[in-house]
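Provided herewith is a single structure, encoded as structure tokens, for subsequent inquiry.
Each chain carries a letter (A, B, C and D) given by its place in the written order, and its residues are counted from 1.
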Amino acid sequence: MAYNIFFLNCSLKTSDETSNTQALIDKVWSLYEERGATCTCERLADYLVHPGVTADAGEGDEWPGILEQIKRCDVFVLATPIWMGVRGSLAQLAIERLDGSASNTNALGQPPFINKVAGCIVTGNEDGAHAAAGTTLYNLTHLGFSVPALADCYWVGPAGPGPSYIEARGDKHLYTNRTARYLVHSTLHLASLLADQPYTYDINALDQEAKSVSAT
Amino acid sequence: MAYNIFFLNCSLKTSDETSNTQALIDKVWSLYEERGATCTCERLADYLVHPGVTADAGEGDEWPGILEQIKRCDVFVLATPIWMGVRGSLAQLAIERLDGSASNTNALGQPPFINKVAGCIVTGNEDGAHAAAGTTLYNLTHLGFSVPALADCYWVGPAGPGPSYIEARGDKHLYTNRTARYLVHSTLHLASLLADQPYTYDINALDQEAKSVSAT
Amino acid sequence: MAYNIFFLNCSLKTSDETSNTQALIDKVWSLYEERGATCTCERLADYLVHPGVTADAGEGDEWPGILEQIKRCDVFVLATPIWMGVRGSLAQLAIERLDGSASNTNALGQPPFINKVAGCIVTGNEDGAHAAAGTTLYNLTHLGFSVPALADCYWVGPAGPGPSYIEARGDKHLYTNRTARYLVHSTLHLASLLADQPYTYDINALDQEAKSVSAT
Amino acid sequence: MAYNIFFLNCSLKTSDETSNTQALIDKVWSLYEERGATCTCERLADYLVHPGVTADAGEGDEWPGILEQIKRCDVFVLATPIWMGVRGSLAQLAIERLDGSASNTNALGQPPFINKVAGCIVTGNEDGAHAAAGTTLYNLTHLGFSVPALADCYWVGPAGPGPSYIEARGDKHLYTNRTARYLVHSTLHLASLLADQPYTYDINALDQEAKSVSAT
């Protein structure tokens, strides 16, 4: 089976500018393709995405087009730069819009992203990758995504201002190249498991059970 | 198959004192047992665990006994109180000791906790559950654990000092009771998938491949 | 002396919608006015603020108008809702734009926000205030702001979805009302100290000294 | 006036082992001494400090001796290694014990650490300095400490495992050497301001006022 990988590049820059985050995405992309997966990628900054916590913010809002691609994928890889030690504002925006899109549950009451796998890519010229990836992957589990072992790949340079991924030749950085491979193999493995055996538990029934033991 | 669940209660209190975190563990425990799982639990404060990042810190160190139980389980649920907005010091200690225990890889170069599933329980009288659970679950993926959708259950009260889980009748709190159920069902589902089909990719081979494309 | 307080409301909603964060701002505002301070407030969502890390992102970008108000104030209070356990995307956007505005140093090499005081207001229907306020206040110290004791005021409800500040009668919540007062008194005290005795150390000279002991 | 600086080294290692965090403390120490300040330092791992949130945990607990030194200092610099992307367990332990020591307020209801200044030093072989310093400095403001502009100094290397501060010649890293100087000058300036003009507002009175507007 050919799995669909969707990368969302949350760089602050539009596609007419070079994105360090994109450079690392491209590397991971080629590793996915080697494994037979089909990749697509969107740069969030290229779209007009309204702030808010709804699935569709109305006229002019281009989030619904992004959302469709997330709904179609098997593996969702959110990629973000670090700004001031945490994930960038467009990554936060994407998470907020995803949160607004999660109430549309299936017949079992499961969130729409159940049975999808999440991964994370982070680049920054220094410090903040754990915060960015950790917050993001955890948020995604709340939206129904599953996170395999070794599900993130990042590059950061040493303390303080300095060159970013491309200029610093991050493409030659061993740790990043190792974890790029783990990310690909781990997410594909978990995607195959969930394709064969999705979560089948009934959230509606569990909610009823929880109500019966809780205060009214 | 009867899965083994291991709870590590990282309360700052020893077992002769009432632990709010334990009260929530007990609730989740009974839900696991209803599903046929076998549960065990240790209170970290009951043991002499040396600080450091080794698997065995030598004479008097009781971490190796805890580690054995983690190695035997299918689902590892780290449970922690919140202190000052983040996980408690004993949860951090457990993560540090786990990190020190992760270099002992298998024949494929995989970390010793690969194919195990992680969940998280958090209690606090107020704010900090996302930080505590997010950091913990993310750390555990770096150690080889997999995290399913909806893998944490927490209780916190409103802003500022106030009663804790037991006194506040957190056992009647709907959201906590709902997520307790999701945690149990999600972790058991993922445990069954990984029991049938473990991660088989060869980290040693991937590391070699990464070396060949990286700077020397 | 009448200090100038500038609130930046980073709600995701524009001014034609009710903002819970604004309701708490209004409370703090009146406490500042009781102490003789002059308050102004902008809702970031009302403006077209481009993503990026520059002081002025060119045509149509309305950040420069916000920035002017921050430059004129003595106390800057960033107010943000919580989304998915952390500060909202517009708060992150404001911090990124402030970061892009910090390179414009004074004659001593100090950042433009030196001698200004920072405070933080956070509202959310549950968990995440420590993460939102902590990240924000820390970021602001990197941009030159000083943070007094007890510099944040927040309201959150108990775990899980639920009513927000206004509906939940957060205006009657003791902890929030106490910390609102501490925030006002602390920031005004520190503002008066820095008005009398600004930071006078020469960053340019220190940078030279650092260069002389560092690798070339 | 000669200010008293107290460094608390929260390395996981006792003093018979080399601490990278200590190496950076020593650098900052000498910069403080050049400015006429008096420095003392303790390694927390050298002491038997019980977990918990009390000022004195009873027989054998050596926290009270550390606490005395914090009470005597003008500037408290908490120094911590990074483990798994956040501050180490002993830093968390110190913050928990400080929290347990903060209820002993003065006649105005102010916490015992009011009018003291906080700074932070972080070392790690990679990523996590913002998380470690941000959480720590923010926690300290809740305990009464004030945080000046540019109050932290850290060293981290690039992504992934690698040499630590000493081996990597972090003593030659420009950014770290610059921020070491800012930390010293900023904390001393704020210490001098607070020595001359301490916070004088009456927390007891503000608490009464808050009670009168809050729900009973």
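Definition applied: contacts are C-beta pairs under 8 Å (C-beta built on N, C-alpha and C of every residue); 3 or more make two chains touch, one makes a residue touch a chain.
No experiment lies behind these values; they were computed from the predicted model shown.
Interface repeat of B-C: among A-D, B-D or A-C, over half of the contact pairs recur, by residue number, only in A-D.
By number of C-beta pairs in contact, A-B leads when A-D and A-B are compared. Chain B and chain D have CA centres that are 29 Å apart.
Separating the CA-averaged centres of chain A and chain B is a span of 23 Å. Centroid to centroid, with C-alpha atoms defining each point, chain A and chain D lie 35 Å apart.
Chain D has residues 84-86, 130, 134-135, 138-139, 142, 173-174, 178 in contact with two or more other chains.
Only residues 12-13, 45, 51-53, 83-90, 92-93, 95-96, 99, 135, 138-139, 142 of chain B touch chain D when the two sit together in their complex.
On the chain A side of its complex with chain B, the touching residues are 111, 113-114, 130, 133-135, 137-139, 141-142, 144-152, 169, 171-174, 177-178, 180-182, 185-186, 189-190, 192-194, 197, 199-201, 203, 206-207, 209-211, 213-215. The touching residues of chain C, counted against chain B in their complex, run 84-86, 126-131, 134, 154-162, 173-176, 178-179.
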